[in-house]
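Note that chain A is present in both complexes that follow, paired respectively with chain B and with chain C.
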Partner chain A sequence: MVGLSLGEKNFIKGGIAQDIRTDGRKRLTYRPIFVETGVIPQASGSARVKMGATDVIASVKAELGKPNASHPDKGKVSIYVDCSPTAEPTFEGRGGEELSMELSTALQRCLLGGKSGAGAGIDLSSLSIVEGKVCWDIYIDGLVVSSDGNLLDALGAAIKAALSNTAVPKVQVAANASLDEQPEVDVSDEEFQQFDTTGVPVIITLTKVGRHYIVDATAEEESQMSSAVSISVNRQGRICGLTKRGGAGLDPSIILDMISVAKHVSEQLINKLDSEIAAAEACEEE
Partner chain B sequence: MEFVSPEGLRLDGRRPTEMRQLRAEVGVVAKADGSASFEMGNTKVIAAVYGPREVQNKGQQMNDQALVRCEYSMANFSTGDRMRKPKGDRRSTEISLVIRQTMEACILTHLMPRSQIDIFVQVLQADGGTRSACINAATLALADAGIPMRDLVTSCSSGYLNSTPLLDLNYVEDSAGGPDVTVGILPKLDKVTLLQMDAKLPIDIFENVMQLAIEGCKAVANYIREILLENTKQLEFRRGV
Partner chain C sequence: MAGKISNTPATYTPSPTSQDKKRPSIFTGSDWVRPDGRGLHQCRPAFLRTSAVNSASGSAYAEFGNAKVIVSVFGPRESKKAMMYSDIGRLNCNVSYTSFATPIRGQASDSKDLSSMLHKALEGAIILESFPKTTVDVFALVLESGGSDLPVVISCASLALADAGIMLYDMVASVSMSCLGKNLVIDPVSEEESYQDGGLMITCMPSRNEVTQMTVTGEWSTPKIHEAMQLCLDACSKLGKIMRSCLKETVSATQE
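This part shows the complex of A and B:
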């Protein structure tokens, strides 16, 4: 990214202080969000989300696998994000690995809950087919095609949309399997089951610039941030995950304030996303 | 397995000399200097060009011409089975090299000394012919970036199955084990700039198969010219001309 001059930096900070950002938005307004579902036909579900110039694709693949010995009644979900060099020349080769790892772990923390699997946005027990033997392995892959700030929110939205688009085939297990051999599983080609995404949270990133916080920062605004907190909130208004980025320390009262702002913004974002996803699915069916 | 039915139809219903449907769009990555997406049937790729810009690694700087670099990466979800490593494997390195050499031959590098042009190609969906789709996308992206070129570079593949030359193989036909000829041409200058083949083919049949691929390349060139013309009209319109 080309460096910013002192005048430009003051313009960005001053604008945010006065509640008018460089593109005319208010501090807590999101850019227009475009959702397109079913972009990857060979995946079980997929979606593409554009927020301004940020463009991300998420794909969900469901494969049969063996559950973990420690959680025999739960399926497995793994999230992996890849930053394409088309987004930034610096992502070439292994340059994007650090950011990819950061985004992957933040998404896992927000969507998958703790080590015991408790409180996950996705109900892992619904993915189990035969306890201890066969379960669904869900692979969620994200790809950052174009980056203009706020990647975490866009990826969270894309994953939510991709999961709503995911159709997991219905499975029939052979009834007379003995205890220690692998049961025969018949994967249906025709009947599908839609994924239940009411529990999937959205991610709101609040970026602190000067004394104020903004939502949905562009790359320019992110370069001026002192710190950022990403909060994942679900439909019931409960916090599902928290990540803080940036070196500057934050007073605890500010963090609590940010959390309440995030909860307030999340209602609008969830409604907007749901309507966009429904519109995209309707478009796809046509 | 039968790849060409007795009525002369392939597995996806095409005729042997019929290309897959082409779709292209210019300017898909807002931050890049030039970008384009190109679809050949189910194969979808995005190309982004950054440059000409300052050379990042001063040791590679050339005083009389521009440095052209290219990276090819495939998304995890691009193939039927989920890929583990999106880039850095040998096939990706080879294709990066091939695309770089092909594009370098047509860019007027002597006009931009001491600079660097980066071409990044990302495969979103792979269904055969990814090499060709990448070259076509890179041509459009370079044109969108305004980088001076001798000519467009277009590419297409062809093969020979069931004793029939087939144009534009998809993944199933490609993995059948028959020959796969990839050709890249400069259409106006009528010169071949890329030629690759695997498996074996008698020489007289090879001439037919290569000629078929060249015809395919010319068809792609016509399509790319239409897209660029349409894009230029849009730009003029937005300038208020």
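This part shows the complex of A and C:
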């Protein structure tokens, strides 16, 4: 928990109202984003994202599995987030569990699209190997190393970076398999495939403090929020998901206004992330 | 809670009069028919009753088509000793499914997730300052899952809170919407939900015109979100009226 005096609270609120926040940023400016890829050798792909004092790691693991009976031509993707008590003492026990679950559901909602798979960041049909028999199961795990607000945006960015770092091995299927048996598959050690991550949206959280809303709030600013809306936007400027946090109600027109602001901010964020990811990949190859 | 009525039927009686949420469909040219024959922008008939459970401070039963939900509210009662002092009240929500609620036994959605969604939808409407140091428990049980379960649970829970005499800023009404291809369908049933390209759920306080919770999944363009929000808010305000009249009925029945 953030303990703030009355003066500090007023300072934060007053600054936001005047468009100069405590760290000198404007309302719609992000903190510098630092991306590092390939940080976990055991995973198929991984990335670490730092935004100020917020530090998160995302890892992607691909395993062979069986597709769901309801969607035989699709693979499966699951997202879990772990908030370790090493980041903050309040994450110990139930507090961390609740936050982990909230972040996991928000990420699933923002990145995995509708039930039919439309609008998903990852094309689930590309994960299918043999229809109804074998597919890739993608496990995305997020870890909060250090928390200073705006965890959802950071995790979304880390997952995007980790997915573009992911290499899934090529699979050869034995041609003579009969219809009822499980087909034999041969996982290649040398040849890998990259994911197409152009469709993965970014998440933008607009935190409402007083009458204004800000992006990339720090923990101190988050403690003063009345409500926050997280919107995921893809490259085409379409909304892929939305969730609201915080108890206070919002006027419907404010939500629509937030959506248009988020769309505007997303263009800059996507370009920024893309160049950071490309730089990180280049750095890793050297 | 003094307002307990024994003569109110807590079981289902068909009430065609509550079906007053009809709106003409704008996709009249479409030959596609919804599984239950409703118009695209027509909600299921709502049946609501308060005081379904006698031992609770307040309770409500809701039936929207096949979706049947019962919600009991207990408290405000003293918070557990382990909890820290709090000068505002606490809200504890729990949603569970009966094992026979779904076509395949025990295959219900994640109740933890639903519980936290219910909590987020309600906390903005309750005047928590009115019961410091105490906890209000909201327990919801889905008797039969019939699609749009969460909106039904939220609306029913708000009715139960009002029945328990918990101070509210306003009733909370909730409606969801599915995007199927080019069509927007309101209040989807399970079958439509499993095929949806996108979903939108709005929880709002109709008379204050405030959205307490909103979730969107799937890919949406801005004009489509505008349209869906408008339709949902419209349906919410109509549902709010039905909920109000249900509460009024209960009160006038006690006075007689």
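Side notes on the structure shown:
In the analysis below, the second predicted complex is superposed on the first by the 281 of 286 C-alpha atoms of A that agree within 3 Å, B and C clash if a C-alpha of one lies under 4 Å from a C-alpha of the other, contacts with A are read in each partner's own complex, and residues count from 1 in each chain.
Convention: a contact is a pair of C-beta atoms (placed from the backbone, for glycine too) under 8 Å apart; a residue touches a chain by one contact, two chains touch by 3 or more.
All figures in this text were calculated on a predicted structure; none of them were measured in a lab.
In the superposition on chain A, no contact is made by A:L64 with either chain B or chain C. Of the two partner chains placed around the shared chain by superposition, chain B is the only one that A:D141 touches, whereas chain C remains out of contact.
Judged by the touch definition given at the top, the superposed model places A:Y80 against chain B, while chain C stays out of reach.
Of the two partner chains placed by superposition, A:V171 touches none, neither chain B nor chain C. Using the contact criterion defined above for the overlaid structures, shared-chain residue A:I40 touches chain B, although it does not reach chain C.
When both complexes are overlaid on chain A, the residue A:C240 reaches chain C alone and has no touch with chain B. Comparing which residues of chain A touch chain B with which touch chain C, the overlap is empty.
Residues 39-43, 46, 53, 55, 57, 59, 61, 63, 80, 82, 84-89, 92-94, 139, 141, 143, 145-148 of chain A are the ones that touch chain B when the two sit in their complex. Interface residues of chain A, counted against chain C in their complex, comprise 70, 98, 101-102, 105, 109, 112-116, 118-119, 227, 229, 234, 238-245, 247-252, 255-256, 259-260, 263. Here chain C touches chain A in the complex through residues 112-113, 116, 120, 123-125, 179, 193-199, 204-205, 208-222, 225-226, 229, 233, going by the rule given at the top. Taken in their complex, chain B has these residues touching chain A: 28-32, 35, 42, 46-48, 50, 69, 71, 73, 75-77, 80, 82, 86-88, 118, 120-122, 124-125.
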